[in-house]
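Let me give you the structure first, and then I'll get to my questions.
By letter and in written order, the chains are A, B, C and D; residue numbering begins at 1 in each of them.
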Amino acid sequence: MSGVWGKNIKLSIFGESHGKAIGITIDGLVPGIKLDIDYIKGEMERRMPGKNKLSTARKETDQFEILSGYFNDRTTGTPLCATIRNSDQHSKDYSKLKNLMRPGHADYTGNIRYRGFNDYRGGGHFSGRITAPLVFAGAVAKQVLAEKGIVIGSHIKSISDVEDNSFDKVNVEESLLKSLLKEEFPTINKEKGIEMRKLIIDAKGELDSVGGIVETAILNLPVGIGSPFFYSVESHLSHMIFSIPAVKGIEFGEGFDISKLRGSKANDEYYMENDNVKTNTNNNGGILGGITNGMPLIFRTAFKPTASIARLQHTIDIERHENAELEITGRHDPCIVQRAVPVVEAAAAISILDLMYDIK
Amino acid sequence: MSGVWGKNIKLSIFGESHGKAIGITIDGLVPGIKLDIDYIKGEMERRMPGKNKLSTARKETDQFEILSGYFNDRTTGTPLCATIRNSDQHSKDYSKLKNLMRPGHADYTGNIRYRGFNDYRGGGHFSGRITAPLVFAGAVAKQVLAEKGIVIGSHIKSISDVEDNSFDKVNVEESLLKSLLKEEFPTINKEKGIEMRKLIIDAKGELDSVGGIVETAILNLPVGIGSPFFYSVESHLSHMIFSIPAVKGIEFGEGFDISKLRGSKANDEYYMENDNVKTNTNNNGGILGGITNGMPLIFRTAFKPTASIARLQHTIDIERHENAELEITGRHDPCIVQRAVPVVEAAAAISILDLMYDIK
Amino acid sequence: MSGVWGKNIKLSIFGESHGKAIGITIDGLVPGIKLDIDYIKGEMERRMPGKNKLSTARKETDQFEILSGYFNDRTTGTPLCATIRNSDQHSKDYSKLKNLMRPGHADYTGNIRYRGFNDYRGGGHFSGRITAPLVFAGAVAKQVLAEKGIVIGSHIKSISDVEDNSFDKVNVEESLLKSLLKEEFPTINKEKGIEMRKLIIDAKGELDSVGGIVETAILNLPVGIGSPFFYSVESHLSHMIFSIPAVKGIEFGEGFDISKLRGSKANDEYYMENDNVKTNTNNNGGILGGITNGMPLIFRTAFKPTASIARLQHTIDIERHENAELEITGRHDPCIVQRAVPVVEAAAAISILDLMYDIK
Amino acid sequence: MSGVWGKNIKLSIFGESHGKAIGITIDGLVPGIKLDIDYIKGEMERRMPGKNKLSTARKETDQFEILSGYFNDRTTGTPLCATIRNSDQHSKDYSKLKNLMRPGHADYTGNIRYRGFNDYRGGGHFSGRITAPLVFAGAVAKQVLAEKGIVIGSHIKSISDVEDNSFDKVNVEESLLKSLLKEEFPTINKEKGIEMRKLIIDAKGELDSVGGIVETAILNLPVGIGSPFFYSVESHLSHMIFSIPAVKGIEFGEGFDISKLRGSKANDEYYMENDNVKTNTNNNGGILGGITNGMPLIFRTAFKPTASIARLQHTIDIERHENAELEITGRHDPCIVQRAVPVVEAAAAISILDLMYDIK
């Protein structure tokens, strides 16, 4: 259980943090998509750890190998499977923790769900590492969308209580998105970015971790993507986004704050501009009735602080059924938000592409 | 498109606001579930409009008829279809609005998505009325869950900027939930409830509308429901919740605010209590790695203010491709939050039951 | 369980023979399909019993009502639900048979599968009557296909051991198919048809029943419909065809007999004809690698003799767990093959349309 | 497209004959299944070519590697992915055939379906080689079934017009099935087996190929597996069986011949035997209303002769759009029926297990 998502595109994800390999099968891509492998590598690198002191010192090369569905530099239309071999693992680190359920992790719930048979090493199938194949799939989807002029970009809206500026929901600049895509730690307000980074380093120094919020924008979407009810853009996208470990909330447009507006403000009034339908405001984040309206699609994703911290924590021993203490000694990210940015974008890209394939 | 949701339970929803009937087919219920029809009627009534001046004066009797899958007072195990005939409609009200795209509604996006062929009257398939069949399905699911001791309840966390107390996430009282279920306008703090109601009446008086947030708790869930990735509780539940018209955000546990905590605070530490595993805090809202941990499942759903307001609004005429003005004269809810409460609970009940059926 | 089929079109079927209504929800139809209601009625009539002495005297008017997804004579693109009210039932006929498992029927298997909670009257959800909604859906699909020039037709290939001529697999005449569609008892060789009918009447006289084979052809299919493996035309179509009660076999092209040919004969050699690719023979029945090749799609469906016969039969009493005797007194078809013809065609039409929607 | 099958178990198949690897992801297996790797290897070997002169001289070692979902010799409950690297390929053999559409193969239909982008080498994703991952999955499923006492076995019912004895449908001996499983060329009547083999060698000598029929029995199934309509055992199993390249027909129990029986004969009358419900005959092949009745499940699968033959054949050049001639020079099986036996059994095992998981 866990492995298949999508309506027209079917994603099958597999792998454990310390198993032989992780990977994904993408079924339903149209034939003939030319893939820019370097671009995919670049996306993978955006997620990769070990790049700077904001993230774990673990080196995961995340080198993918396409096993099928790809021929003469193009998709064949048959299932595309890509795998990433696991290497730099310290499996012995985990054996002694086997029975100590790490707080904030899925150790306990996974143990019960899988009756003790799950691979507990490094979080096993629950590991954030399993998002690497999602980034691969997203990098494919982003290329298809880019061909249609659709651009996805994100910034770190907040780390802990330090907040970046928000996107101008009506007029997100394409150039802004593109420049954010190039940054290791993308913020609109550079000084806020420096503050955030300092906050992360501080937390690390105190053997602690911090969380944050990612804000994402999708530009140039055609009108009419999505469906009411079970294939609303919000339904489909949130389904995928909540598959990303550590996500605890998602909101579209004004999101939770729209509940504080009056209808006369919240309704985005229409007007014509050169034969295009536009809205004056974009409180609905580009989606009405579950369907895109042509305005920028805007959403925010909340990440909790990294569950792995080096401090002593109280927990239980699942074998002995008694209270215990725990010190996690591995190498961990004091914050995963900056690494989560490409994962969120990947999730969005795949979701949108899947819904676009639904238009007949 | 729009109509099928679920893994073990398959829901097919259908109907338009001013069509002949709306309804739902529930496939995958186990045989032999004794249904309390009066209970279902009660749930339907909780959603029904026209009960007080907080909601539209429209009378929808929402009388359902079970067409199949039900025999000798029990489910048969074959697909259960229930329909609700439409009546008290003023279809002519809408004809003149046909080309005027109501702001905040799906008129425009639906028109493009369905190439002008959708039933535009009263929002058609996009109407909030289509949630009545969901409440029916939820009332069935709630009965199955109740048999297992699982209780779902909600309160109105906020209307506009008036906030109710929050659930005590670690110790939600079952008795509190049960008393909330009996209220027309459920709040924990009664005075805040009065304030909220006043706010709704005020908005109505000003030909405007307000939104709000619903907080929901699910008690006594077994540990181990849900799966990592594509069948995480959050994924499955949010998929369904965002199918409800007017929802713009969802968060679990501390939700967006968990991003402001440090890991040492956000991690819910475990301890043993009489051979039961508990956590001291419940920032993760009863879910870790997409799987229930036995603590109360807590989530909040943000609703935007009702899109239908009686004020003059600016919009476009889709036929003439030009700017236009619009006055909506029908009978509308100044706030749909209180009517949305049973819909949210229904969505949660079905999602949880579907995931419980997944445990083999 | 039982109710959802399809990839792009999702069918949810529901109902029991003696319940309130039977019906179907069709999700995924494109918007704007103009429906010829009289044509649909005509298709329903082809399946209806009581037309002549070859079939049961039961009168089922099979009057359908479209509840949703249909507006101004066209599909809206939202789920289309149609129901058929049950009437002329003799429910009391069945109560005394409740514990006597009718041989050849699903009484016993259904009783175990649904733990005794299924509606046993008239076969309940297992009744052949539940194919009426399939014919409705097929009549919609056939109209969409007809717009593209695709024609589906069938003849009764055999009743018991009386065989009709076979289709000329390479050159099925469109005019032949169209004339077969108009016949109550379609055969290519009229004399064989008369013989078959006599055989049915004879069986009826002897309180017995007969089975037969339906041969179906689909003309003017585009090349490239279907996919290897799990969405091969054969997989998708056979999945649906075996949903029809009483079907025990299906074969494509030469079918079982192709196993007797040598490769040099079985391979359908290609040639160009006016820039069209053709094959000299059509042993593969228009499908290679699960995908249409532009030649007529040909398949045969085997139906067992009607399980309901008036003769005394040996069986068991499920309540008493002992041997018993049984005499079925209701009104039954001595042969269902002629009534199954439109059901097979409907199944084929929906399957093909679903796969056509898959081409992006 | 092509890659996902199943309701509770989700299979994602991928790979091309001459790509890097082929494989399968199995989602939905319960945790804790102890896998006998040697048994799986044995099943893979049953399908492997190059064992004798009845099959191609190609050596495919079919060595699989389990990448995920397997830990400490048991399934973890998370997706299990296994891959098989491709090796001994003569890719250049195929380049010159690129534009010559091999009769009986999917070259032409695949070319159109995938707009010329599919990997044409060795049939690409259409290759019979892609059934190796199915055999892997089947070997897992068979072990789970074996734990429950369920046994699957097959014999070659016919090669060309040489017929083996049939199974005694009422009393298939478990010992017979087990001895058939050990044979390279399983027949009940050994002399017929010798005759069949001679026939294959003869065809090979004449640069031709032959087809045949496989008869399969499944013993000790519980009563109540399967569902009416879209999850009938016949629907689910035939869907999977027709995914196997070269299959052109399937029938259950008496199959096509049941259409020649009268109802009084075709109905399998019930009787009690030591508190077990049995039938005197088994014309329905152990399935009634799509659900198992506890009698042996019997079905037959028809395979066409191998499409690859060394003789000169007429065809077209897809690039030049003109008639052409073709000589296939590779190494090919003069008959694939004996190698298909474990594939059919695998397909059956997975289908049955998937339906068993449906019982709640």
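In this text, contacts are C-beta pairs under 8 Å (C-beta built on N, C-alpha and C of every residue); 3 or more make two chains touch, one makes a residue touch a chain.
This is a predicted model, so every value here is computed, not measured.
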Quiz item: How would the chain A/chain B interface be labelled, same or different, where same requires over half of its residue numbers to be shared?
Solution: same
Quiz item: With respect to inter-chain C-beta contacts, which pair, A-C or C-D, contains the greater number?
Solution: C-D
Practice problem: Could you grab the centroid distance between chain A and chain C? Build each centroid from C-alpha atoms only and quote it in angstrom. | Solution: 46
Quiz item: From the C-alpha centre of chain C to that of chain D, how far is it in Å?
Solution: 26
Quiz item: Touching two or more other chains, which residues of chain A qualify?
Solution: 1-4, 13, 78, 113, 125, 228
Practice problem: Using the touch definition up top, name the residues of chain A that touch chain C in the complex. | Solution: 8, 30, 78, 228, 357, 360
Quiz item: Along chain B, where are the residues that touch chain A in the complex?
Solution: 1-5, 11, 13, 101, 103-106, 108-110, 112-113, 125-126, 130, 158-161, 203, 208-213, 223-224, 226-232, 234-236, 238-240, 242-243, 245, 247-256, 258-264, 266-272, 275, 277, 279-280, 283-285, 287-293, 300, 302-309, 311, 313-316, 321-323, 358
Practice problem: Enumerate the contact residues on chain B facing chain C in the complex. | Solution: 1-4, 10, 12-16, 19-23, 25, 27-28, 31-32, 65-72, 74-81, 83, 113-119, 124-125
